[in-house]
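Quick heads-up: structures coming right below.
One chain, chain A, links the two complexes that follow: it is found with chain B in the first and with chain C in the second.
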Partner chain A sequence: QHKQVTGVSSQGCQGGCQTCSVYNGCLTCKPKLFIHLERDGMRQFGVCLASCPNGFYGTRSPDRNDCIKCGSECDSCFNRNFCLRCRAGSYLHKGKCTESCPDGLVPSDTMKECV
Partner chain B sequence: PGAAVPGKQCPSACQCEEDGILLLVDCSEQGLSSVPTDLSPLTSYLDLSMNNISEIQPNAFHNLHFLSELRLSGNHLRHIPGPVLQGLYNLKVLMLQNNQLERLPSEDPWELPNLLSLRLDANLIMEVPARTLSGMRSLRHLWLDDNALTEIPVSALNDLSSLQAMTLALNRITHIPDYAFRNLSNLVVLHLHNNMIRTLEQNCFEGLHSLETLELNFNELQEFPVAIRTLAKLQELGFHNNNIKAIPEKAFVGNPLLQTIHFYENPIQFVGRSAFQFLPKLHTLSLNGATEIREFPDLKGTSSLQVLTLTRAGLTGLPFDLCHLLPKLRVLELSHNVIEELPSFYHCASLQEIGLQHNLIKQIEMNTFQQLSSLRSLDLSWNRINTIHPDAFSSLQSLIKLDLTGNRLSILPLTGLTSLTHLKLKGNMALSRSFREEDFPNIRVIEMPYAYQCCVFGACNSYKAAGQWEEQMGSEEEDLQKKALSLFPVHADNNYDLDLEEFQLAIEESKVQTSIQCTPIPGPFKPCDNLFDSWV
Partner chain C sequence: AMIKVSLLKQEPTSRPITLEGVFAGGSAGYAEGKLMQSHPLSLCNTSEDDRQETFFISIVKLESPESKVPQCLPLLDKARLALQRGAQAVIFDITDDPGAAQELRDSGLLPRPVVLVKSSDAEQLMGLVNKNEEAKVFIDIMMETQKWPHYDVGI
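Let's turn to the complex of A and B:
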């Protein structure tokens, strides 16, 4: 197993990793996958995913794809300011999560949306 | 793996979980090369991502009428014929990103009338045929980024009046034609960054009545995108990293709700004086290197500005009513201009940082910085300041950093400078007086014109014998430990979640407070006595 001095290896890496280390998991990902840093106490552990977990959204750029945290009110989001699904207690309308709906719309608890 | 729930078979390679009468099935990362054939009809969520599926059998999903979310991302799919997704009337989320899709069905398009989110990002799609999306009239969120599109799929988008968010980033689009997004009246977010867009037709954004975020960063735009004038709801605009040389007069007259405009990394030389007028929600404006700017921009009606950066231009002066126009200013960065005189910043009560380095300022009046009780950092270095009014700093009780490097001072007024932690006076060769330690009770970093001026701050003690130095350090180390522990009491009973980073910072902080860093450091050729005075 080819391990460089820093413990970084491209052999024996999990799933979509390009390079990884025993202590911090994935350091870089295979093309087009998102790197997501999971917290394990004080340690950060990199994983490579095709889609970011709930509460995060993926940003793509020519040299790197990252999972970035959504705004606090979103359960899932398209970008930092546009939610796809809201947390309990708030309702989705055009990408915004609000506790009350605009005039003409009513909150639907099953769909967590203003309808 | 195996059957987790009686009466609802779970494919062998999958994990299943009950959700009321329905079933959540996770078969991700199992090395599967085809869709399991024994899926329960009560499956509402099916994750087949990160497998080796290159083809889907025609009837793979034909009885999954309750399916709401289908994940096929991270496989080797090249094509998905229309009939494969037949009958999925409840499908709301379809994830196909990270596959090898080159073309999308057009003659027999996917019939997904309730689909809300469609992910097609990170594939090899070169075009989107006109009828491909015609069966998805409820679609709200569309990802087509990181593909090989060379143009906006105008016809295909025509059917998507419910669309709210779309990304076409990281493609090879070079031009946006008129009415490209004509029917997308509900679109709120449009990402077009990292393409090769050189030209925008004048009416290309017509129809986007709800658009709030538009990203055009990392393209090849040669001209300012005047087409944005129709976007009355726009709040966030980005066109940084393009090739735009001028921002015209009244550039944002059609976008009164703009909060952020990112346009750095453009070779902007000219900016119309009225370009940034009437933007009452704009909080940050930064312009660097626009050398053709001679006059300060007219910021009438842009009264919420908090951060104004206008560097490396040709400004000769500032409007006397600057603070009436910008009462909420917090950071003012005007370095590298040719400013000679300063107005009074009296009404800019929120100012925390002022950067005026590298200008031609000669003097500081009494009222220049009066009442700036929140001012923390003032950089006046590399000007021509020869006089400062004795009370110029008197009301700056929050000032901790003052940089007067490279000026022509012979006297420094001390009133109001007691909270300083950083003071820089290097280069003021006529400033030869000696200061006292009590002039700057909180100082930590100080740069003086002459070495002897550092002696009063303990710099001469560095001659001490090495041994004595270590001994003293040892006992100091113990004091620090006790002090740091008092900051972070550890209670055995409630396993206090000690954040190691903060703990180390506290130690570093305590260490620094005990030593003042004064330069130039006295030495054999820079003695502690002011030889010049004793000779005279």
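Let's turn to the complex of A and C:
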């Protein structure tokens, strides 16, 4: 789903990193790439991606591009307030995930939407 | 500060590792929890770290100013943010960021301990993290051994 820029640069960083360190992984990314903080057990380290993974959305700012987590019930989102696909047990209605649908609509488990 | 570290997957008889650090400002106190690394960029207002279920202690490896990691928040606010997210304490490895100690020196009241470590003490902690060796950390105030235990007046 996300295009990970692989390979290792001269500085020993993951391909997309601008700067990195042994313990923190990527610290800054090359232009246009997003920094995503991955957790592996105790460790949390930065990786640089062309697009953010499922459950995260990308934000761009002058000094860095971040992957930010979607809302708690959301599997894939456009931004913090606009979900595109909900997790099991929730139904999408007007960009929000709800446990029940408003009057006149019924929950569709296959589409995870109020229809 | 005294930091005792015991590996979760080790012989019950093996002794914990004892390390030293310095409490930031007025944050001296006791804390215990599972050691969990936080990337410096995870402690920014925009980011949100994944909630841990267990009691955990965050360790943050601060990078040298030359590595140009966006600061996003002052160190004291980063410490407060980590504590707000449920960390029982925060450990900053300041080996590569000597200015951090100055920045955190008069940090006034903090709800739970914030400890600065460096050099070999920091290296041992970060070594555990890097090898993903699950460890439980106990932080406490180090008792100064009294030079004159039998006397209460020295000349």
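Simple rule for what comes next: the second predicted complex is superposed on the first by the 104 of 115 C-alpha atoms of A that agree within 3 Å, B and C clash if a C-alpha of one lies under 4 Å from a C-alpha of the other, contacts with A are read in each partner's own complex, and residues count from 1 in each chain.
Everything that follows uses one rule, which is that a residue touches a chain if its C-beta (ideal position, glycine included) is under 8 Å from a C-beta of that chain, and two chains touch if they have at least 3 such contacts.
Just so we're clear, the structure is a prediction, and the values are computed from it rather than from any experiment.
**Student:** Going by the touch definition up top, name the partner, chain B or chain C, that contacts more of chain A.
**Tutor:** Tallying touched residues of chain A, the top partner is C.
**Student:** So in the superposed three-chain picture, is A:101 touching just chain B, just chain C, both, or none of them (first/second/both/neither)?
**Tutor:** In the superposition, A:101 touches no partner, neither chain B nor chain C.
**Student:** Quick one: classify A:69 as touching chain B (first), chain C (second), both or neither.
**Tutor:** second
**Student:** With the two complexes superposed on chain A, say which partner A:84 touches: chain B (first), chain C (second), both, or neither.
**Tutor:** The answer is first: A:84 touches chain B but not chain C.
**Student:** Looking at the overlay, what does A:25 touch: chain B (first), chain C (second), both, or neither?
**Tutor:** second
**Student:** After the superposition on A, what does A:39 contact: first (chain B), second (chain C), both or neither?
**Tutor:** second
**Student:** Jot down the residues of chain A that show up as touching in both complexes, chain B in one and chain C in the other.
**Tutor:** The overlap between the chain B and chain C interfaces on chain A comprises residues 42.
**Student:** Which residues of chain A touch chain B in the complex?
**Tutor:** So the residues of chain A touching chain B come out as 15-16, 32-33, 42, 50-51, 58, 60-62, 78-79, 81-82, 84, 94-95.
**Student:** In the complex formed with chain C, which residues of chain A make contact?
**Tutor:** These residues of chain A touch chain C: 18-19, 21-25, 27-28, 35, 37, 39-46, 59, 63-64, 66, 68-69.
**Student:** Touching residues of chain C toward chain A in the complex: what are they?
**Tutor:** Residues of chain C touching chain A: 34-42, 46-50, 61, 63, 67-70, 93, 126, 128-130, 132-135.
**Student:** Give the list of chain B residues in touch with chain A in this complex.
**Tutor:** It is residues 29, 49-50, 71, 73-74, 95, 97-98, 117, 119, 121-122, 141, 145-146, 164-165, 167, 169-170, 186, 188-189, 191, 194, 210, 212-213, 236, 500 of chain B that touch chain A.
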